[in-house]
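Take a look at these structures.
The two complexes that follow have chain A in common; it is paired with chain B in the first and with chain C in the second.
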Partner chain A sequence: MITLNDVHKKYSSTVAIGPVTLQIPTGGITALVGPNGAGKSTMLTMVGRLLGIDSGTIEVAGYDVATTNSKDLAKIVSILRQENHFVTRLTVRQLVGFGRYPHSKGRLTKDDEAIISRSIDFLDLGELEGRYLDELSGGQRQRAYVAMVLAQDTDTVLLDEPLNNLDMKHSVVMMSHLKRAAEELNRTIVIVLHDINFAGHYADYICAMKNGQVVEFGTPERIMNDEILTNVFETPISVIDGPKGPLAVYY
Partner chain B sequence: MTTIAHKGKLFDYKLGLGVLGVLVLLAFSLFTGVYDIFGAEDGAEMFAVTRIPRTIALVLAGAAMSMSGLVMQLLTQNRFVEPTTTGTTEWAGLGLLVMLVLFPQASILSKMAVAILFAFIGTMLFFLFLRRVSLKASLTVPIVGIMLGSVVGAFSTFLALTTDKLQSLGIWLAGSFTAVIRGQYEVLWIVAAVCVAVFIVADRFTVAGLGEEIATNVGLNYRNVMLLGTALIAIATGVVTVVIGNLPFLGLIVPNIVSMLRGDDLRSNLPWVCLLGIAITTVCDLIGRTIISPFEIPVSLILGVIGAVVFIVLLLRQRARG
Partner chain C sequence: MVNLLSSPVRLGRGGPRSSGSMPTSKVRKRYWITFAVMLALALVFGFGLLAWDNPMPVGSQGFWIIAKMRAGTILAMIVVAACQAIATVSFQTVTNNRLITPSIMGFEALYRVVQTGAVFFLGIAGITFFTGIGQFALQVAIMVALSVALYGWLLSGKLGNIQIMLLVGIIIGTGLGSVATFMQRLLTPSEFDVLTARLFGSMTNAEMSYMPLAIPLVLVAGGYLVASSKKLNILALGQETTINLGLNHRRETMVSLFFISILMAVSTALVGPLTFLGFLVATLAYQLADTYDHRYIYPMAFLTGFVVLAGSYFIMKNIFYAQGVVGIIIEAVGGITFLIFILRKGRL
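== the complex of A and B ==
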C-alpha cells in the first residue's frame, strides 16, 4: 500500500502540488490520469523518492520514503521515468541485469540470472537480449527498461508514461504485460497514462489529478463517467458503451 | 528461452591476444633507442635506468588516462569528454605552476598533491556547471570544457609570463616520456592504485552512466559516486600531468573505440580500455622516438595529431547516425 499524507511540494513559483492525501491499495494497476501539468509525474517521482517533498509524509509498504535508506527502498519500490536521451551501449541483458543491483551489487548469482531471464521472457525480449540498446527502436528500448525494473523484484513498481514512443500495437502489448505482472507476480503497479481509455480498460483503480490535487479516486466503472471526466480534463467528454467496456469520446 | 548468459566475459582468448600484442609493443619499446644496450659496457645499467622505467611509465600513463576518460564519459553521459576536453589537465597544470612559483623547492609529491587538488576542484566546477545546463547529450559539453580549459590555460600562461616560468611550464606540461628515468618516475605507480579502484567500483560507474534517476532507483548514492569518480580522475590526471605532461585525446579515443566494439559494460571493458590505452601510447611514443632519431618528438604531439583525426571521425559518425 502507498500512503500519502498531506503532501505538499512547491515545484516552481507557479506550480505546486498538494495537499495530497491518498491511499493506493496493494495489488493491481493504479493509473494516474489528468491534464498536462496536473502533477501526475511529479507525484510519482516523489513516491519514488527521486524528488523530495516540502511537507507531509509518503509511505510505501509502511516505509517512509524520506527517511528510509535508499538502498533498502530499492528493494521495496522501483521507479522508471520517461526515457533518457543518453543511450548507454549496454546489451538488453546487461541493462536488465542492473535491475538486480540492489540485491547483488553487480555480482550476479545464479538466482539473479534466473530472475533476469524471467523478466526478459516476460516482456518478450528473448530475441533481443544480446542487442545493444542503441540498436533498438524506441519501443523495444522502453520494454527493456520495464524489464529492468521488473527484475528489480520490488512489490511496488512506478512507471511514468511507459506508453510514450509506443505505437498502438506495442501499447496494447505493454499494458497486457503489465496487467500480467500485476496478476501473476503480485505487483502493485502505479502508472502515469495519457490515454484515458487505456486506463479505463487495464487499470484496477484510476486516480485523477488536476492542478496538483487528487480530484477523483476509484474503480474505472466509477471514474469512466461523463461528468467526472469532463470535470477532470476540462473538455467535453462522453462515455459510450464500447465492445470491450466503456469508451471515452473526447472529439 | 533465454538461459544463455550474455555477459561480457572478462577473460577469453581475444583478451589473451590483446595482451600478447601489447607485450610485443612493450618489447619494442624496451629495445628502441639510440644507446646500444647490448654493445656498450654499461648497457644493462642503462637498460634498467631508462628503458624499463620508460616502458612502465607508458603502461601506467596510457592505462590511467584512458580509464579516466571512460569514467568521465559515464559520469557526464557524454562521449566527447575526457580530462583534456574538460579543463582537468589545465587545472592540474595551474596547480603545478602555483607550486613552481610559490614553493619551487617543494618535493615532487607535494607538487603533485596540489596539482591533484586543483584538478579535483576544476573538474567539480565543470560538473556543477553541467548540472545547470540541460544540454548533456550535445556537443556543447566538450566545447564548454575546452573553453574553460583555455581560460585556465591562458591564466597559467599569464602567471608563468609574469613570474618568468613560461619555459619551465612548457617543458613540464608537454607530454613526453623522454625524461622518464629511474628515481623520478616511481610516483607514477600511484595511478596503478587508481586503476585498481576503478576496477573495484566499476559497476557503480556503469549504473551512474544510466542517469541519476535510474541510479537512485537501484539504491545508488549518485552524489557519492560522482565525488568518487571525480577524485579518481583528478588523482590520475594530476599525477600523469606532473610526471609525464598532457596526453591529449587519449581518454577520448580509447573508450570510444572500445564502446563501439564492445558496448559500455564498464567492468568487462576495463581490461580492453587499459590495453588499448597502453598500445596507443606506446605506438605514439615509438613513432616519436624513431621518426627523427636520434632526436625525439614529444608523444603529446603525435597523440594530438592522431586524436584530432579520430575525434573528427567520431563527430562525423555521430552526425551520420542522426
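== the complex of A and C ==
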C-alpha cells in the first residue's frame, strides 16, 4: 500500500502540488490520469523518492520514503522514468542485470541470473537479449526497461508513461504484460497513462489528478463516466458502451 | 501465481545465459587480445625509450646506468597515464557525457596562471623559486581546493546540476586563461621564453623529487575510483536510475569528483597541460574495450595512455629532437587516430 499524507510540493507562487492525501491499495494496476501539467509524473517521482517533498509524508509498504535508507527502498519500490537515455552501450541482458544491483551489489549470483532470465522471458525479449539497446525499436527498448524494473523484484513498481511513443499494437502488448505482472507476479503497479481508454480497460483503480490535486479515485466503472471525465479533462467527453467495456469519446 | 524465483528458466541456445560485462565470448576474446597487444606495445615503447640511442650494449653495466637516468621519465609517464586515464573515464561517467574532459574544469588555466604569475611577479628567478616539492604540493592543493569549492557549491545547492557546474567550470577556466594571457603580454621576451617551456605539456617538466608525494596521491585517488568500478557502472546510467537502484547519487558524484580533481591536479602540476590526452585515451579505451564495465575500461585506458605518451615522447625525442614536448604529437597523431576510429565505428 502506498500512503500519501498531506503531501505538498511548491515550485513557485502559482505552481504547486498538493496537498495530496491518498491511499493506493496493494495489488493490481493503478493508473494516474489527468490533463497535462496536472502533476501526475511529479507525484510519481515523489513516491519513487527521485524528488523531495516540502511537507507531508509518503509511505510505501509502511516505509517512509524520505527517511528510509535508499538502498533498502530499492528492494521495496522501483521507478522507471519516461525518458531513458544511457551514454553506456548495453545489451538488453546487461541492462536487465542492472536491475539486480540492489540485491547483488554488482556480483550476480546464479539466482540473480535466473531472475534476469525470467524477467527477460516474461517480456518476450528472449530472442533479443544479446542485442544492444541502440539496435532495438522504441517498443522493444521500452520493454527492456520494464524488464529491468521487474528484475529489481520490488513489490511496488512505478512507471511514468511507459506507453509514450508506442503504437497501438505495442501499447496493447505492453499493457497486457503489465497486467500479467500485476496478477502473476503479485506486483503493485502505479502507472501514468495518457489514454483514458487504456486506463479504463487495464487498470484496477484510476486516480484522476488536476491542478496538482487528486480529484477522483476509484474503480474504472466509477470513473468512466461523462460527468467525472469531462470535469477532470476540461473537455467534453462522453462514455459509450464499447464491445470491451466503456469507451470514452472525446472528439 | 508465478514467482520470479521459482518458475523454470528457459535455456539459451549457446550454453547458459549470462549477463557478464562481455555479452559474448567473441567480445571477451577480442578484449584480451587487444589488451595483450597494448601491453606488448607498452613494453616495447618502454624498453625502446631505455635502449634506443643508448651507446652501451644491452645488458652491460653502462647500459643500465644510462637506462636508470631515463627511467624517471618513464615513471612520470606511468603516473600521468594513470592520472589522465582514470580521471577522464570517471569524469565522463559521473557527468554522463562522453565528449568532455576534466581538464576543462579550470585545472590547466589555473596552472598557467600560477606559472605565469611566478614569472610576472618574481621575474626569471620566479621559475627557479617555484620549484621543489613545496610548490608542487601547493599547486595540487590550490587546484583541488578550487574544484572542490566549485563542486560543493554547485552540486549541493537547490539548483544542483552538473550541466551548470560544467558551464561555470569552463567560464572560470576561460577567465583564468585570460588573466594568464594578459600577464604574458607584459613579460619581457626572455621571461616569456623561459615561461613557454613550462606551459607545454612536457615529460621533462616532471621532477623526480615530486614523486614521493605524487605516487601516494595517485595510488589513493586512483585506487578509490578503480575500487568503485561497480558503483560507477551504475552512475553511468544517470541520476534517476542510480537513485532507483539505491545509491546516493549526490554523495557518490561528489566523492568521485574529489578524487578526479586530485588526479588531474597531480598530472597538471607534474608535467603541465595535456588537454587532449585524457579525452583521447578514454575514447580510444571505450573503442578498444567494447564494454560498459569500468573494471575493464580502466586497465585498457591506462595502457592506451602509456602507449600514447611513450610513443609521442619517442617520436619527439628521436625524430624531432624536441625532447619531452609530447602535447603536439598527441594532438596531431592522436586526433587523427581518434577520427579514424570514430568514422569506422560510427559511434562513441
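Definition applied: the second predicted complex is superposed on the first by the 245 of 251 C-alpha atoms of A that agree within 3 Å, B and C clash if a C-alpha of one lies under 4 Å from a C-alpha of the other, contacts with A are read in each partner's own complex, and residues count from 1 in each chain.
Convention: a residue touches a chain if its C-beta (ideal position, glycine included) is under 8 Å from a C-beta of that chain, and two chains touch if they have at least 3 such contacts.
Keep in mind that this is a model prediction, so the values were computed, not measured.
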{"item": "Clash or fit (per the criteria above) of chain B with chain C on chain A", "value": "clash"}
{"item": "Touching partner for A:L150 - first (chain B), second (chain C), both, neither", "value": "second"}
{"item": "Partner chain(s) touched by A:P25 [first = chain B, second = chain C, both, neither]", "value": "neither"}
{"item": "Partner chain(s) touched by A:E184 [first = chain B, second = chain C, both, neither]", "value": "second"}
{"item": "Touched partner set for A:D111, first chain B, second chain C, both or neither", "value": "second"}
{"item": "Partner chain(s) touched by A:S70 [first = chain B, second = chain C, both, neither]", "value": "both"}
{"item": "Superposition-derived comparison: chain B or chain C, residues of chain A touched", "value": "C"}
{"item": "Footprint overlap on chain A, where chain B in one structure and chain C in the other make contact", "value": "48-50, 70-75, 78-81, 84-86, 88-91, 93-94, 97-99, 101-102, 105-106, 108, 113, 117, 121, 126, 129-130, 149, 152"}
{"item": "List of chain A residues in touch with chain B within their complex", "value": "48-50, 70-75, 78-81, 84-86, 88-91, 93-95, 97-99, 101-102, 105-106, 108, 113, 117, 120-121, 125-126, 129-130, 132, 149, 152"}
{"item": "Residues on chain C engaged by chain A in the complex (per definition of touch)", "value": "1-5, 7, 9-10, 12, 16-21, 23-24, 92, 96-98, 230-231, 233-234, 236-241, 243-248, 292, 347"}
{"item": "Sites on chain B touched by chain A in the complex", "value": "1-3, 5-8, 74, 77-78, 136-137, 202-204, 206-207, 209-211, 213-214, 216-221, 259-260, 263-265, 267"}
{"item": "Of all residues in chain A, those that touch chain C in their complex", "value": "48-50, 70-75, 78-81, 84-91, 93-94, 96-99, 101-102, 105-108, 111, 113-119, 121-122, 126, 129-130, 134, 149-153, 184-186"}
